[in-house]
Every structure is written in structure tokens, then in C-alpha cells.
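Two complexes come next, and they have one chain in common, subunit A, joined by subunit B in the first and subunit C in the second.
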Partner chain A sequence: MPFDQKRINGPEVSVPYSVYTDVNKSKSSKPKKSLHKRVDGREHKDLRKIFVKTGVISQAKGSAYIEVGITKVVCSVFDPREIPNKNEYSLQGELFCEFKYAPFACAKRRIHQQDAEEKEFSLVMQRSLEPAVCRQEFPNFQVDVYALVLDNGGSSLAAAIMCASLALADASVPMFGLVTAVSAGFYKDTMFLDLTVEEEVLCNSAPAKPNPPNNHGLIMQAALPQHDQISEFFLVGSINIDCIKQAIETLTVANKNICPVVQQCLVKTVLRALKRKEQEKN
Partner chain B sequence: MANTLLSLAEKTFIVHGVDDNYRTDGRNRSEYRPMEVETKVLPHTSGSARLRLANTDILVGVKAEVDTPYPDNPNEGKLEFFVDCSANATPAFEGKGGDNLGTEISNTLTLAYQSSHVLDLTTLCILPQQKCWKLYVDVLILQCDGNLFDAVALAVKAALYSAQIPKVTTATLDGGKADIQLSDDPFDCVKLDVGSFPVLVTLCKNFTFIQIGENCVVDPTSEEEECSAASIVVAVMPNGRITSVVKTGYGSLQPSTLVKTLELAKDIGIKLNAGIMNALKEEDELGSQREIFGFLK
Partner chain C sequence: MDERNEPIVCVPGQRLCLSDKVNVPGPGTYEQHGYIYSKLAGVVNLVKDEHKSTVEVHGIREQSIVPAPGDIVTAEVMVVNQRFCKCVIKCIGDVVLTRPYRGILRKEDVRATEKDKTEMYKSFKPGDIILARVLPLTEVHTYQLSTAENELGVVIAHSEEGVSMVPVSWTEMQCPETLNKELRKVAKVVPEHIVNEK
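Our next item is the complex of A and B:
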């Protein structure tokens, strides 16, 4: 891990105290409960409530804030700039994405630099957004997108992708359509939609009896619901093909359902901008 | 990946060939190019393999070292992938040029091996909370001619199959400190699950499917990669389960296409898994005295 000399780093070897408590033991009884009914009272295919807002960072060209349950993500987009360290002319503009958890966002403290997971998520974000952006409109330039997770309540990658697409729209970056994203998880035969942190942990761990092999795993699907296109499909775990098919169907519908929320927020943004213009005229 | 410059006419030629199910090198859409694999090519490693897929050349070395387990998973060993894109492969990899591609491949491998159905990391634990094995899987890309993901995953599977981890004879706690002793006999080794339980084998293959026009193509050459907007990398276990899916490239897919692609990936994955296991067993049957060709070919 690269060491940042300019910051005061925490002690190199430290462990969150929760490792030593009995929380882990009591967890083993939990899965059964949440398989029946989810902790927050939702049905398995229900999404959490979403709140979105644009224009939260005054210094950025465009910005957005999203809350999905207790997951909070803020995202900013900056003016296009020349692609650094590149000599040849590139016909298509580039999108640079950075996904970062705030140091206090998760149960375990995150360091200031991106770790491997965050780098991976940055790439996923880039791949989900690229199909939606008209990159031919800004050749040889790069648009920077920074997503910061303030509070990780699960599905933060999906939230960050939606937030980023809103921020891009707010920054008036030409786009083919909005990007929405929903996550799903499998544990045995149960499919959860829009996971919380506990459910993510549960779906990441394999069921105790490997024979016959049970499903477990996480899926994140980003889509352009207005065009019926999937822009990114990210799966980890061990799932059989029939369940994946079922998940794709459910997630496609869920993505379509989310779209109006995001659209409404953009309409509000435009109305606000028009109002401001009129006031300036007067 | 490697910068292959193609004119519009050449691209159209390739795409039309794919539509007719007859590719520029005479294959159909779901055919692989010939492969050669050899294990135990590097004497300094616990396990190694070299795989050539047409002109894509991959060398993998596995090293086992003793490490301390993570505090969150005290009963688990560690597995780490490093992919190094050598500047020999293409000048574009010079300096930091290959870093992005290297991270992308190693991330994909990490995801594919993450499930405990694939590799049960608890088997790599020596003493809980104290000592565990850490397997370093170092991948070196010597030449690239398309389809790096598949070639790397196959080579990694072969290398892990050949890996021999020294046997631990005693592991005790002495006054809170771990004390482990390894067997003196260098041939007294433990093999990874790959050999002993081939059904749970647990190592996966990646398939790159490239969406050219409406059809997908297996095992693309670098020219075909240049023509594609999006590809799906799927890790398939020998029993047909899918352990990871990643999309690469800048394009997007329709849901129905995605489903079709995944199904095709599953079918081909099962065949490819069987193929590599057969090849590895055939090599095993030659015994320890077999001639190692290495790079003299």
C-alpha cells in the first residue's frame, strides 16, 4: 500500500474492536430471520426510498446528492480539461471516474487513498457511464467525475452511479440518456433487491453446506432505461444461470421504475435555472 | 489493448465475416484457436505454467509464503493475483502503459476466485489467527494477440493445478507464539483441491465474448477486439455456475442479448474446463521424468 507522507496516518496495524466482540457469533442465526422478512420491513423485491438533489456543490460544474435508505453519496463533475499525459489526438473524449468512501463511511476506517476495491468500483462506474455520454462531443478532453460515499448503508456503488449520471446531466454534459443502477443479492434461493450492508455481507458469504451448491453473490446492473440498454453488469459470487436470468428481468424492471424519480429531479433543476435567468433579466 | 490500427474497410470485412460465421482465420464464431500448455516450467516456484493461445503467450508462477491471516477472517489463507504486462508484448506496455490493463485482469481474476465455492480459503490456514499460506499468483504477459482474459485464466488454472504447497508437520502455539515446522522432504507436498476434487474444481475460466454486430465471438484476435464496442467476461465453474461477470469496453447491451451471451458463455465454459483438465491430466501421466520444453521450441 502506498504511504502518504503528507497526512497523519493512523497506526499501521490496527483492528476494529468489533472483531473481538460476539457480534460475529450472533450473526449466524440472523440469516434465517432476514431470509423470511428483511430487517427494515421491506419485501424482498422492494427498493428503499430515494432522495435526489442537484447543485449541491457550488464550485463544481455540476453536482448531485443521493440518499438511498441511509446510504448517502455526493458526486461532482468538473469542466472538461485536456487529457493529461497523452500525446496523440483521441477522437472520443474520456470520462474519468473516482469512487471513494469517506474515511468514516464504513464500519472499518478507510484510508485517504483509494484501495483496491475502490479502484475496481471506479472502473465499474466509468464503464456504466461511458455508454450514456456523447463522448464525440468533446474530443481530446476528459471530464472528471468524483463520487464520495458519505455513509455506506449498502448498494453504495449503484447509488454512486445514479448520482454521477445526475451530476453529469446537471453539468450539461451531452448525454444519450440517464443511467440508473440497482443492486441485487442472492443467498440460497432468496433474491434481495437494493441491499443493505448486512445483506451484502450475508450474500458474500457462501452458505455452510456446499453440496448441493447454493447460490450466493451480488449483482449490480446499470442501465439506460430510456433506451432499454444495459450499460454494465457486474456479478460476484457463485450463481447459476437461471437465477441470473431472473435477476436480469427483475433488475431491468426496477431500473425502469427508478427512472422517473431521477427525471423529475432534472426537470426541477431546469425550472430552477430558468427562474434564476428570469430574475436576472428583471 | 495492443494498438492495432485498422481501416474502416478492414473492420467491415471482419464484421461481415463474423455475420457469415466464417472468420478471417477460418474459424467459426464459437471456436478457439489452438492452445499449448505446459506446467512446472519454472523451478523456483511452487507451481507454474506457460500457455500459448495462438500468439498470446502467458507465463504464470505461483509462490506460497507464510503470512498472518486478516483479523476479520482469522481462519482463512490468502490468494493474490498480480498481472504484469511486459513491454516485450507491445511497446504500449512500456513504463506505466500496461498498468491499467494489468489491474483490470487481476481484478477480474480476484472476483472470479472470490467465492468459497471456488477455492475454500480455510484450507490455506495453518494456525487460526497466527499463520496461514499466502499464494502469490504472478502473471506475466509475454506476447499478446487478443483474448488476454481467457488465456490468463487458463494459465492460472494450470499453474494452480501444478502448485505444490509444502506439508506442515507440526503447528503449535508456544507461549502465544506460533511455531510451525515443515516436512524435510521437498517432495512431501500438498496439492490444491484442483487435483483431488475435480468436481468442485474450483478454478474458473473467463470467456470473452465480443459483440460484433449481432453475433458474439469467442476467442477474439486483436483485430476482432478492435472492432468490438463491448465484451462480457464471464467466469464459469466446471459445473456451469457463474462466479463473476464483468463488462469491458465502452458499449452497452440489450437485456435479451446479455442473457443469450451468458448462456453461450456457460456452455463453452463447461467444455473449456473439461478440455484444460484433460490436457493437464495427460501431462501428469507422462510422469515426473517428462522432458520440459520450456522456451526451447
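Our next item is the complex of A and C:
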């Protein structure tokens, strides 16, 4: 870790205690168990329970909070501002996205600066949201979106994208539609929907035996379910093309199933705002 | 909309109705594949004319308004130069901006007549509140302003003692306490504003 003059510096090197626990037991038995039935009792194509709420940050123009299982993400959207270091005239505005894990969010402690994974996730998040935002309504300006993962229970990127979409709608940024996102993982011929952290680790590792099927990898698909459009498809790993087709169909259905949750949250937000206006009149 | 009083709530991307000669998309909506969709999370409003009805969606928050050419804006003068003065745009019409934007007012755009004889130091001073019109955009983040109309110019100015001055003529403002006169490009404001300022 580099020396940081703006913070209190602790030890130069620190290792989490979990490295020294017995890994062999869990590693050998876990794949066999989760391949038949998942640890938390879900079926392979079930989603975890979702809680969403808007208007959680008063300083931001729009904000949202989402819980998907253990994963907790908070997102804030700020007013259009000038794009730094830009002199060209452009008809489209820009979207600035920052994806960040809190230091306490993962099993291993994260540093305060963005690392390579977070920067990549920021770009993925930006590509997911750009098709949905009417960027021609604020030319030459940039809308800031900040997503902070408070607890990483798996599928944090998908949760952050949904949270950002809600926050943008809460901020009254014009949008063509709402963005929902679901992630999936493959291990051999088994597909997991809405992964947990353990399942993500499992799908990221290649199977031990070299016999086919040899699939392993993670997929994140963001979509506009109201218009049957996919805004981002993010794949890491090695997966057969037939399995990818199957995954796209499953993820599209899952995105459609999630969309009513987001819509109802927005309707509640609007009704709450209308009630507040009526109370102010009286 | 007239029959029932309950507001119609919509979310972004929700299909509202068919787009034809009768139903026309208005602000807060867009048209795609022959249908009108909503852009915002808010309430649907139908504005009915003789033959057509405009579908509008009003968001729950004030829209982030960006100045457009032709708008009348309220700005505060920050820096005065021989050739131009820099301003900060505070309001667009009646809407207060949450984020200030930069504007520039050139010497040639201060007056409609006798442009060569204009002197910036006799028209504006830092801290003045002015009404101006936005000219077409030439630079990326700086809005060109113009006060070359009778109704545009300095609206609120403070004297050296910090008292709001009263406009006396087209080019002069007077301090009500010390009776000193200062030169400004005065806007022709409705007298109600003068009463409110006192």
C-alpha cells in the first residue's frame, strides 16, 4: 500500500485473519453442495428479496438505497455541472459514474481510493445508464452519479445500477426508461442467478477436472425492460455460446420480474411528494 | 382528467397513450413507435385545446434548467473589465438555479445605441444585480449576455455605505442617504420593484 499523506497511516502490510483458517474443508465440499441446492435455500433461478427506498440523502438532488439480500448500496445524483477540462461543444450531456466499495464492505478491507475493479465497474455502470438518460436535455453538462456499496453480499454491480437508475428518476433527470440489472454465474453446466459472494468466488475459479462442460464465469446484464432493450452485457470468464443464449433469456425474464419493484417505489415517492404539497397548502 | 380528481402517477418509460393528431406529446414526454412515453416520475397533465390535447408530465422536483438563448436571466456582476464583465447567472425567469452558471457581458452588448462610447466602469460595478438576455452560445461553459434593451440592465445596486440605491435616470442611480449619484446602465423596471426594495 502506498504512503498516503492525507490519512492516518497504519501498518504498511496487513492480512485478514481468514487467510489462516482451514480452507481445504470448505473448498472441497462447497462445490458439491451448492451445485444441487444453494446454501441459502434458493433454487438456481431464484432472486433474493429486494428492498428499495428513495430520498435517503438530503444533500443530493436524487438518492436511493437498495438491499438485495445482504448487499446494501446507496446512490446519490447531483445537479448538472460543467465538465472539467473540456472546450468542445457537444450536443449531448455526459454521465459521470463512480462505483466505490466502502472500506468495511468486503471480507478483505478496501482502500479509500478506487482500485482497478472499481474503476472498471464505474465504466460498466456508466455504459448501462447512458442509453436510458435523455442526455440531449443538458448539452455541455455532466450529471454526477455516486454509488457506494455498504455491504458486499454479491451482485453489487447489478444492485448499484438499479439503485442509480432509481436515484436518477428521483432527481427528475429525464429518462427514456428505468434500468434494471441482474447478474448470473456459471460453474460447469449449472447456472446461478443473483449470486452471493461465495457463489461469485466459485464461478470465478475454473473447474478442477478438464472434461467438458468446462464453463466458468460471471455475467451481468442491464436492461430497459419497458422497451425490451439490453443496455449492457458484461461477461467475465469462459462460457459456451449456447449457455450464454440461455443466460440472456433467463436474465431478460428476471429483469422484467424486477421492474415492478422499482416502478412501485417511484410511485410511492410521487404520492408522498403530492401529499407533502397538499399539507403545505393547508 | 376532468371526471376523476385523483392524479395519474407515471414513471419514466411508461407508455401513456397513442400519438396521433388528437394526442400530442408535450414537455416531460417523448414519442416512440407511435406511442407517447413519460420521461419523468410525476403526474400526468392533459392540456386540452380545440382539436388536440397535449400530454404533459410534471416531475416531483424542479427541473434542472439550463439557460437557453433568448431567456431573461438574473445575474450578479463579479468582475468588471474594460472590454467585458463577468457575471454569475442566479435565476432564469422566476426559477432560482441550484448551481450558478457563468456569463459574460461584452462592451458591445451593453447598449443598443452608441456602442463605441460605452464605458464598462460607468455601466456596472461588482455586486450589482442585473437583468440580461442570453445570446446564442459561442463558448462551451460561458453564456453570452446582452443588456441592449430598455428593460435590461442594473436592477439592484448598493452604494459605498451598503444602501440600496434608487434609479434616477437611464444612466444614474442615487443613494437615498448620502444623495451621491453613481453611473449605471439602469433597467426600466416596474415601479413595484422599487417599492419592494425599500
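To be clear about the criterion, the second predicted complex is superposed on the first by the 270 of 282 C-alpha atoms of A that agree within 3 Å, B and C clash if a C-alpha of one lies under 4 Å from a C-alpha of the other, contacts with A are read in each partner's own complex, and residues count from 1 in each chain.
Everything that follows uses one rule, which is that a contact is a pair of C-beta atoms (placed from the backbone, for glycine too) under 8 Å apart; a residue touches a chain by one contact, two chains touch by 3 or more.
Quick caveat, the model's predicted, so the values are computed rather than measured.
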Is A:Ser172 in contact with subunit B, with subunit C, with both, or with neither (first, second, both, neither)? second
Once chain A of both complexes is superposed, is A:Gly154 in touch with subunit B (first), subunit C (second), both, or neither? neither
Just to be sure I read the superposition right, which of the two partners does A:Ala116 touch: subunit B = first, subunit C = second, or both, or neither? first
After lining up the shared chain so the two structures overlap, which partner does A:Leu271 touch, if you call subunit B first and subunit C second: first, second, both or neither? second
Looking at A:Gln263 after the superposition, I want to know if it touches subunit B, subunit C, both of them or none. Which is it: first, second, both, neither? second
Between subunit B (first) and subunit C (second), which does A:Asn140 come into contact with in this model arrangement: first, second, both, or neither? second
Subunit B versus subunit C as contact partner of A:Leu224, first or second or both or neither: both
Subunit A contact set shared between subunit B and subunit C covers 132, 224, 227
Which residues of subunit A touch subunit B in the complex? 15, 19, 92, 116, 119-120, 123, 127, 130-132, 135, 205-206, 210, 213, 216-217, 224, 227-241, 244-245, 248-249, 252
Complex interface listing, subunit A residues touching subunit C: 61-62, 79-83, 86-89, 132, 134, 138-141, 169-178, 224, 226-227, 263, 266-267, 269-271, 273-274
The residues of subunit B that touch subunit A in their complex are 71-72, 103-104, 107, 110-111, 114-118, 200, 230, 232, 237, 239-255, 258-259, 262-263, 266
As the complex stands, subunit C meets subunit A at residues 7, 9, 11-15, 28, 30, 32, 37, 39-43, 59-64, 66, 98-99, 137, 140-141
